[in-house]
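Once you scroll down, you'll see the structures, which are given as structure tokens.
You will see two complexes here that share chain A, one where it goes with chain B and one where it goes with chain C.
And now, the complex of A and B:
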């Protein structure tokens, strides 16, 4: 019961704090004092109070898209084990539903962007679709291999790696953290895949798709993209944290891993330049290659008698 | 811990397969040297302490420090441009490197049935490293990257000898050391000379050589 309430509060409150931490890290590297950690909350409330301007060329899809996106990301959050490794619901092969909930949200963002009739937004939509298609195989290979080794198929069982031998466990932890971090950068549209601060349409991916949104819609989009990053970060945290910890310690470790990820994203964003558009597919392909290595290692351990 | 280090080594090869900077190549080779050093330390056993000390010190000093410094020096002195310019796009380069690595893992899967003392990862990763080194030599256009592909191949051979011959004879270690050192030294000089003669280290210019 307490766990459920804590998880609800986590889903509602933490994502915007996560964004605040990223911004604070960036201002630290930039030598500025930076905005408060709670600035995203203020922005969120400010946007909710505003009215939305909707272009006359758009149809009902454009008005609907941001809310549907936010709703689908929130429903994807129901399957992921969060604080204390408890999730709201869990059933067989729920990670597929998780991936397709995120994809459904993305689909509505894309058709919402196409609905405006702006050529720039269509370009951004095409890029977003192309890059997220590259991310998906890697995600499924990783989750499938983990499901294979723990011989289970729901998220909360897959993330319990305590039956795996230490040799294999360290390989899995390090490799899947790297791969999922690349996925986080690609899906969350951070540097080096996309720069959230840029305002030149030709180089944008995600930001260009939401140029026409304003008011509460923009608030929902902000929240949804932050929550998406937190969810993928939760996968990393779940793989790192051992299952047999006390719930409180586990929750503390969970939050601190998230803060570390936020600091890492901010650091990457400050120290690296955005990749050229032609180099992004190969960056994302690294994730698939690493996923391939994970699955090869797991198959070797299980069928080659190395367990 | 050793399987983890070998997998890390295979990831560095994956990185070499598709990165576009010359300096990133050199840093990755240095990292490979350090990883090999740790593999020797953990794997070699304690029955032959002087040999262990020599081998690990040699690996760390030569592969991890000296050769990267020499290569970095060559790059800086000759104003070699940072881009690698492969013959095929990086995207396909990465796909091919990944498939070489995958076939390496298939080889280790075949090896894992045979009862041997070494870890099967040694074979798979070292053979795929050798082939990837060859692939880098084939597809890159600059002479300096050919040296680096050769270095990566040498690292793979080193890993293979570690797997097969647990007690690598002293003389073999010295031979490997000398081999690498002379190769890098000679090729370094060669690059300098070519730079003097042609003002641009690029194999495209070498095809136009005349009397």
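And now, the complex of A and C:
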């Protein structure tokens, strides 16, 4: 019961703090004092209180898109093991529903952007669609391979690697953390895939898709994209954290890993330039290659080829 | 209940002749009524067969050479009968509205409503008849009647060409079927399908080669690569309800054929399973990649049908692997996924074709680059299309997701249950199916946005109007089915399970509990998503209720001269992704670049070619043509020569008979 309440609070409160941490890291590297860690909350509340400016070109699609996107990410959070490795719901191959719910959210983000008739937003939508299509196979290869090694098929069982022999586990943990981190950068639209702070519409991906959104819609979008990053980060945290820890220690480790990921994102964003648009697919395909390596290692290990 | 079947077929078929008696104004309604009445009784019958688990058999004693024809509606046939009947009814309902403006076409119009019930009843019979000769005859009637329906717009050269292309493709397919069935009946000495089981047992070595022959024959109908080339030509040419009927229902008879052959093979081989899995994966990826490159609304839908046939094939392949490796859960889930997708695809694809037909009626163009902003004048059609687009992209909460979920599930079962080749195959298919899903998301966000959203990209000659009531009714019916299967998959699964039971030989009434448990949780998850979405929309409404919501133009970055032609087009939307899948698509570009300091004229033209048609089929046809040209001198138009041929023939036969009698 306490676990469930903690998880609900985590979903509601943590994502914006996560964004705050990324921004704070960036200000650290930039030598600035930077905004408070809680600044995203203030922005969020302010946006909720505001009215909206809506384009004359748009239809009801534009009005419902941010809400559906936010709903899709919140519903996807049901299946991911969070604090203390517990999830709200768990059943066979719930990760497929997880991936497809996020895809449904993406569908609405894209058509919402296209509804404005703006070529900038079309550009962003087209890029987002193309790049996120490359992430999917890698994600499924990783999950499929892990499902094989732990002989289970729901998210919370797959993320419990305690039955795997220690040496294989180290390899899997390192490789899948890297692969999922690339997925996080791509899906969360962070540098080097996308720069959320860019000033030029032509180089944006995610930010340009929401140029016309304002007020509560923008607040929903802000929250949804933060929560999406946290969810993918949770997968990394779950793979790293052993299952037999005390729930409190496990929860503390979970939060710390998230903070570390936020710091890492901020660091990457401060030290790296974003990639040229034509090089982004290559970067995302690294994730697929790593996923294939994971699956090869696991299959070889189990069939005795690596011993 | 068995008394409902043959009379139902008869009622549908009678629609052909009854419609001839009525004036043009009422033809559509009369045909639709006959098909509706027949379909209703047949669906009740088929549903009953599925629920009771007892096949129904009818014997028709026809004169020689056909002889006694056995019609058995077993679980597989009942399943196909059920959805063919329902989908045919919605198509005929839609046709009432769609055909209205073609009433002045006279004989062609009458012929259309004559052939519609013929096609429907032949599709219904083809999935039930269990006798080779009767099967082939009905198969041929189905191909021919659909050809006549396809070439409705026969003054257009393009339509006629597409029709001939279709006819030729179907007959190449039928050659494979005839040879396959001939080998089987010679070996078994009977024309009955059941007798073939013994042939497959006795001649193990024939199994693989026969399977390939049948796959080629039925695959031509279904649209597996490389037999798919007729689809992208035929669908844009046909009237929309015919495209819907062909793409949603008729190509599934090809899938039925493949499944029927599988039921006749007592021990499916590994080769069959990996063969169909590999071809299907490629079909899926190839189909959707090409759909992305097209600009013709119905051509996009046609290529997406190829993709969906690929997804169905993946399910069949996984199910076959389950049979070959003897893993029961793999078999159930794989075949259930395939059958689920068969039904789902027939619902949402005909819906999409119906909505596309409405768009065509309103704008009289099919080039999506010239459309845009139609959501303002065609709100209903836009919503219908959105339903179809979400469902076909396999997104929750709609039905397309359920079928793909089952196929993913079967793959995960395969990963856990097997040897290294199986695991590798499953992981590859997992990635392939995920990639197909992601691509169809690009394809259908593109299609929906370019057609319905933004500003109109051109001015239309007549005002764009919403579709008529009959068309709306048909589409609402499809939308309800989409939502019902998506939100409560358990009921549909019970029907599917009854049909899928035929493959693993177990008692169809024993229910695999683990599937139902998961399905329950899945439904909860999907419902939560639906409710949360509604909740967020409500929250937004409440938050904005007393606020200042103003309207303004779209953000244009300070540029004041934007116009609707500057919107992102379909070509620009798909271009970043198409660059990545270049090898699958042959895009031809013609560019005239602006020149000089004050450039005057510049142009850009692009067109796509099907690589299989361009690189394999067309060269093959050229070779065949060259070879046949060698015999041209025989047909020289000289009467004396023809008489000489007759004389030579007579002499030769005389010699032959004399030689034989000795």
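What we mean here is this: the second predicted complex is superposed on the first by the 304 of 307 C-alpha atoms of A that agree within 3 Å, B and C clash if a C-alpha of one lies under 4 Å from a C-alpha of the other, contacts with A are read in each partner's own complex, and residues count from 1 in each chain.
By our rule, contacts are C-beta pairs under 8 Å (C-beta built on N, C-alpha and C of every residue); 3 or more make two chains touch, one makes a residue touch a chain.
Given the structure is predicted, the values throughout are model-derived calculations rather than measurements.
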First (chain B), second (chain C), both or neither touched by A:279: first
Answer with first, second, both or neither: which of chain B and chain C does A:299 touch in the superposed model? both
Considering only the touch criterion stated at the top, classify A:125 as touching first (chain B), second (chain C), both, or neither. second
Which of chain B and chain C A:240 touches, first, second, both or neither: neither
In the superposed arrangement, does A:175 touch chain B (first), chain C (second), both or neither? first
Where on chain A do the contacts with chain B and the contacts with chain C coincide? 281, 288, 299, 303
Would you mind writing out the residues of chain A in touch with chain B in their complex? 167-168, 170-171, 174-175, 279, 281-282, 285-286, 288-290, 292-293, 296-297, 299-300, 303-306
Which of the residues in chain C come into contact with chain A in the complex? 372-373, 375-376, 382, 386, 390, 393-396, 401, 404-405, 408-409, 411-413, 415-416, 420, 423-424, 426-427, 430-435, 437-439, 441-442, 444-446, 448-450, 453-455, 514, 517-518, 521-522, 524-526, 528-529, 532-533, 535-537, 539-540, 543-544, 547-557, 562, 564, 566-568, 572-577, 580
Which residues of chain A touch chain C in their complex? 48, 50-59, 61, 63-64, 66-68, 70-72, 74-75, 78-79, 89-94, 96-97, 99-101, 103-104, 106-107, 110-111, 114-123, 125-127, 129-141, 144-145, 147-148, 151, 153, 201, 211-212, 215-217, 220, 277, 281, 288, 295, 299, 303
Which of the residues in chain B come into contact with chain A in the complex? 1, 3-4, 7-8, 10-11, 14-15, 18, 20, 90-91, 94-95, 97-98, 101-102, 105, 108-109, 112-113, 120-121
